[in-house]
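Common to both upcoming complexes is chain A, partnered first by chain B, then by chain C.
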Partner chain A sequence: MCQFFSSTFIILLGGFLSLVFARQKKFSKVIAVLFLSGGCLLGLLDAAAKLLNPAGASASFRYLDLFFLSFHVDGLSAFFLTAIFAVSLMAAIYSFHYMENEEGGIKTGVNYFFFSVLIASMALVVTAANILSFMISWEMMSLSSFFLVIYSHESAENRKAGYLYFVFTHVGAMFVLAAFGLIYGHTGSFEFAPMAGVPEAVKILIFVLSFIGFGSKAGVFPFHVWLPHAHPAAPSHISAVMSGVMIKTGIYGILRIYAILDFHTPVFGYITLIAGVISGILGVVYALGQHDIKRLLAYHSVENIGIILIGLGIGMIGAATGNPLVAVLGFAGGILHVLNHSVFKSLLFMGAGMVLHQTGTRSIDALGGLLKGMKITGTTFIIGSLAICGLPPFNGFVSEFFIYMGSFKAIPVGSISFAMSVFAIISLAVIGGLALACFTKVVGVVFQGEPRTKAAENVKENGLAMMVPMGCLAAACVIIGVFPKVFIDMALTAVQALGLDYGRVPVEPFGQITGNITFAALLFFVVVLIVMGIRSIYYKNKTTTKSGTWGCGFTQPTVKMQYTGSSYAGSILEFFSAAAPLSEEHPPIKGRFPLKTHYHSHVNDIAELHMKNVVVRPVFYLFDKLRWMQHGDIHLYIGYILLAIVLLLFFI
Partner chain B sequence: MIQSILLWLAAILAAPFFSGLILKIKAFFGGKKGPPILINYYTLIKLFKKGSVYSNSTTFMFKLGPVISLAASVTALMFLPIAGYDPVFSFNGDVIFVLYALGLGRFFTIAAAMDTASPFEGMGAAREAYFPIICEAAMFMILIFFYRITGELQLSAYFAGSNTQSMWSSAGAPLLFIVISFFIILLTENSRVPVDDPATHLELTMIHEVMVLDHSGPDFALIELGSFCKLIFYSTIISRMILPFESAIFGFPIVMYIAGLLVVYVAVGVTESVTARYRMDKVPQFVLTSFALAFFATIITLEFVK
Partner chain C sequence: MMFNPVDIILSFVLLSVLFSFGTDRVLILIKLLGFQGVVISIIPFFIGHDMSTGGTVFTLATLVIRGFIIPLSIFVAIRKGAIRRVVEPIVGYHASILCGLAVIIGATYISGRLDFGSVSGFKLLEPTAIALLVTGMFLLMARRNAIAMVIGYIMMENGIYLVGSGLSVGTRHIVEFGILLDVLAGVMIMAVILRNIKQTFDDVDTALLRTLKD
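Let's turn to the complex of A and B:
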């Protein structure tokens, strides 16, 4: 535990010092990056060591002479800590060159301060061992990330994004608090310990409340509305951390509640799985319709949270129906996908950050042909894209493979679980296909072809500190994809901490599965090498010439004729138009000498569209009626307080 | 093992021949003599002898496209039992790997097309990304069907030895649906009429052919070989499903296999001769038919197989 606390302390110290020395911009940045990355590295080593040789550790402090703040690291915490520290380490290094364009040292210092608070509070959230320390860390995390979202507060759009995030995160926290309140009310203890003797209906209520609360942090449909606004607003290394690991604390919360409820009913599985399927499919459909590369990636987080939840749902069904293999496959797949998603999503956000940094635009249809000038960014981005599509031999495939195996094994269990499995398998297949369409769009339009506007011409990449983390993360995608054994073992350690009452999880069958994945991946590499060999033999001593692209007889092609991202996704979006209505603005061309016209399209997120009518308007209406209470008379306000205290005395 | 590898090689080598057969059938329906039956070999040899012209817009992805797509197809064939013999490799869950490896091939084919900055190729790429989404759903539905009957997740459990025959005896009627459903997937995934028309002269109406417009020489040969292999991969499965008979007579399975392949390729050729290509926005409905068939088949098995 000592190493864990010292690493959090170093991280916080780094942020604080950066604020103190904010006037010396360069110095404060160097200090911040050194301390943050040092602290993360220390924490990462500690967490990984705990995962490989499972050992729990706890610590507890007295707080305000009334409460204890206690922290505990078990397999589940250690797994999430590994992801948190690994991604934060990369993001901290990346930020060194990413933040160089920013004017004002104070702003940079403030950014690093809140960044350090965010990392430390995430680490504390996943280690908190009682309600109080959890809620305190949770709020610290929400607030620090709020300040990071409004980093570029000059733009009204970003302020709106920050406001939306603030509202969502706090409404979510209210739900979590309500769930914790129920737990405290029935057990009389703040500790996170398996609950006994609590009525089953209450347990279901607690699960549903906390699912909504944690789901709003994780970005589960329809509570994801803040996510596509907040992630693009933040600086790219922050987006990488928020999307890569911060939203996963929501998943951690769901798992932790599931573990302490200690109640295995298939209902939890159904809820989780259906929420996962809806988030997964709609997330990727909305992603496909985006024109802003960072918004697109943000919607992909919704999709991947969906995949994780499908895995966990299958796991819960397996646990409830007494099917250890299904349970462990589902949970391990879902938990491994947490790590995988944090690796490839932060990689993709960093790539998008590099594009934004060098071209100044996030608009997909304004870019093109970046791969020629940005070899490392482009290649790592392509690797990340392949991984997020779940294609072998990259890491996304491994976790999806486990979830598939779990879902198939749940088929014979019973008729409802048959329907659920079919649901899970088909939606995983559809999500995979849609993700492939989406990322071929991003790679094809942003990195390939010809530059569509001036901004994308002659773009080079620079900043070693930005390229090294991208390289490391891309390497991680391949390593986990080809040699998943260690990582699956880590996920299994995390599963063990869920207390599924099978005693020790058998490792044998999983070793075989990972062995098969490694074999298949290596086989594929060998085949590719052989084909490449054949190709190079046939190209020996041959003349290859360079020429323009064949224009199918048209001799004057311009770059504007290229297929755009919008047209690429058009027909697929039409297929899903019921869930993703498209609004278009296109003044018709009139007259013999038509003037300029324009085309603008926007895919409406139905959750966002209906939130206004279903939630915002009634709430406004209700509070409008209560406006008379807010009169500005301080005496009466004091009266309210007194009245509240007197009323409360009756209940205590 | 040796036998399996030989069969695998034979399948790759024979793939261009069978694809040539389709051309012959189409020529027959058109009242023409048609190209020689070995036309595809001649084309491949010609292409391998040539050099290449690369567009100024392209990057390394353009050269990687043909390699990965061919590698994906031949890797897929390694896991497929040919003529009922054991496949070269097999493991629990290999069918998921195979489907995803084919997806990887598709990613790179699309990426290679987008590399050229050509609007036509972009159009083809968008369609290539769209239709297989539904195909993939149908494929997994079929997989669920197979899993319900056999309880296994590997291709050899469905198509090797007497396994296919026992599938027929336990769920024959729904398996008929699966055969039709799979044939639709075959047509879609391999860009045949009525989804795509490889022979049209309009780039606008093509899917796969338009995506490879800019490839030339050995690169194009690899792509062609890759698509022949992909077609024989799907045809092998249908061939095994329609003629699953086993016998101790030497060479009997091979004869049955070839007969099955002939049936499939002739069916593709006849379909191509007697139907027109669908309008692009009708294609999804056609592909969804295959999903619906597979879905019904699976629902029926709920009663058949307890």
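Let's turn to the complex of A and C:
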């Protein structure tokens, strides 16, 4: 535990020192990056060691003579810690060159300060062993990330995004608090210990409340509304951390509550699975319709949270129906996908950050042909895209394959489980296909073809500190994919911490199958590379002509003769228009000499749309009616306080 | 019937409370505040805590600050700021006195129901503390002159101090010192705000603040 606390201390110290030396911008940045990455590395080693040689550790502190703040590391915590520290380490290094264009040392210092608080509080959230320490760390995490979201507070859009995030995260925290209140009310203890002798109805209520609360952090549909606003607003390394690991603390919360409740009913599984399916499919459909690359990635987080929840749902169904193999496959797949998603999603955000940093635009349809100038960014982005689509030999495949296998094994369990698992399999397939469509759109439009605007012309990549993390994460995608055994074992250690006490279920054969498939896919890639090598040898001394992409033999091709992202995604979006209504603006072409025209489309998020009508309007209406209370007379304000005191003293 | 000094002192405090409800002059309020400060500060000597040297010094320091420094500084503020001397009531004086009686009765009733965990044997300690708190609140509410409001605030703090001095916990001095710092900070902040109000509206009538509402 000592190593864990020293690593969080180093991280916090780094942020604090960066704030202190904020005036010497370069120095403060160097200090922050060194301390943050050093602390993360230390924490990563510690967590990985705990995961490979399972050993629990706990510590508790007395606070104000009133209660304890206690922390405990078990397999589940160690697994999440590994993801948190790994991604934060990469993001900290990445930030060194990413933040170089920013003027104003104070702003950078403040950014690093809140970044360090965010990392430390995430680590504390997943190790908290009682309600109090959990809520304190949870709030610290929410607030620090809020300040990071409004980093570029000059733009009104970003302020709005920050406000939205603030509201969502606190409404979510309110639900979590309600769930904790129920737990405390029935057990009389703040500890996170398995509950016994609590009525089943209460347990279901606790689960639903905490699912809503944690779901709003994780970005489960329909509580994901803040996500596509907040992620693009934050600096890219922060988006990588927020999307990569911070939203996963919501998943951790759901798992932890599940372990505490110690109550296995298929209802939990159905709730989780259905929420997962809806988030997964709608997440990727909305992603397809986005024009902003970071917004698109944010919607993919919703999708991947959906996949994780499908895995957990299958696991819960397996646990409830007494089917250890299904349970372990589902949980292990879901938990491993947490790590995998954090790796490739942070990689993709870093790639998007590089594009934004070098071109100054996030609009997909303004870019094009970037692969020519940005070899490393482009290649790693493609690797990340393949991984997020769940294609072998990359890591996304491993976890999704586990969830698939769990779903197939759940088919013969029972009639409802049959329907559920078929539902899960079909939707996983749909999600995978749509994700592939979405990333062919991104890679095809952004990195291939010809530059569509001035901003995308002659773009080079630079900043070693930005490229190294991307290379490391891309390598991690391949390593987890090709040698999944170690990582599957890690996920199994985490599953054991859920307290299902099945002993070790023989899942090695499944790991073996997965490994074989990814190995075969790797061989395929190697063969392709060899063929390409042979080709280049053959063509060495021959003349080859290079012409523009989509040139098609035109003598005067223009960059407008290319597929755009909107046109590529258009036909798929039409199919989903019930769930993703498209609003288009396109003045028609009239007459022989038509005037200039334009096309603008926007996919409406139905959750956002309905939330506005159903929740926001009534709340505004209600509080508008209460405006008379704020009359500006100080004497009556004091009267309110007096009234409250009198009521409390006399009647309570 | 045994007279104990604490209850006698506290009965004076209760009388001063009634007096402060009925007075129309800020200067009288300041004098009452000084009186209360002195009287309340010497209570720990009678209450039967074993007084160490540090405790004695601390209690004397409280006496000086509460009894003299704060009232004097308010007095100086009035002098320098040429602030009007009338408390400008929202609730009339007769109604105020009636309220004062109600406050004392209510406080006695409440103190029977509350358990502060304080030293027993002093009948008036808790009622007086609550009465002071509510009186402070009342002055804050029912007087428009900002100085009267500051005095109300300090009276509230006196009440809190009285609660604290009755407590028989080991960390009493730390708590009281915290309260004292609170008061000082509060008074300083109020001084700044007063200056601003005076500069903006050329008066310290707090009802004028209403115009700041958006």
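Here is the rule we use: the second predicted complex is superposed on the first by the 575 of 652 C-alpha atoms of A that agree within 3 Å, B and C clash if a C-alpha of one lies under 4 Å from a C-alpha of the other, contacts with A are read in each partner's own complex, and residues count from 1 in each chain.
Going forward, a contact is a pair of C-beta atoms (placed from the backbone, for glycine too) under 8 Å apart; a residue touches a chain by one contact, two chains touch by 3 or more.
On a predicted model such as this, the values are computed, not experimentally measured, just so you know.
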First (chain B), second (chain C), both or neither touched by A:404: first
Chain B or chain C, by number of chain A residues touched: B
First, second, both or neither for A:555, with chain B first and chain C second: neither
Which superposed partner A:630 touches (first chain B, second chain C, both, neither): second
Touched partner set for A:649, first chain B, second chain C, both or neither: second
Chain A to chain C touching residues, read off their complex: 630-636, 638-639, 641-642, 645, 649-650
Footprint of chain A on chain C - complex, ascending: 90, 110, 114, 134, 137-138, 140-142, 144, 206-207, 209-213
Residue ranges of chain B touching chain A (in the complex, touch as defined): 48, 50-59, 61, 66-68, 70-72, 74-75, 78, 89, 91-94, 96-97, 100-101, 103-104, 106-107, 110-111, 113-123, 125-127, 129-130, 132-134, 136-137, 139-141, 143-144, 147-148, 151, 153, 203, 213-214, 217-219, 221-222, 280-281, 284, 298, 302
Touching residues (chain side chain A, partner chain B) in the complex: 368-369, 371-372, 378, 382, 386, 389-392, 397, 401, 404-405, 408, 411-412, 415, 418, 421-422, 425-426, 428-430, 432-434, 436-437, 439-441, 443-445, 448-450, 512-513, 516-517, 519-520, 523-524, 527-528, 530-532, 534-535, 538-539, 542-552, 557, 559, 561-563, 567-572, 574-575
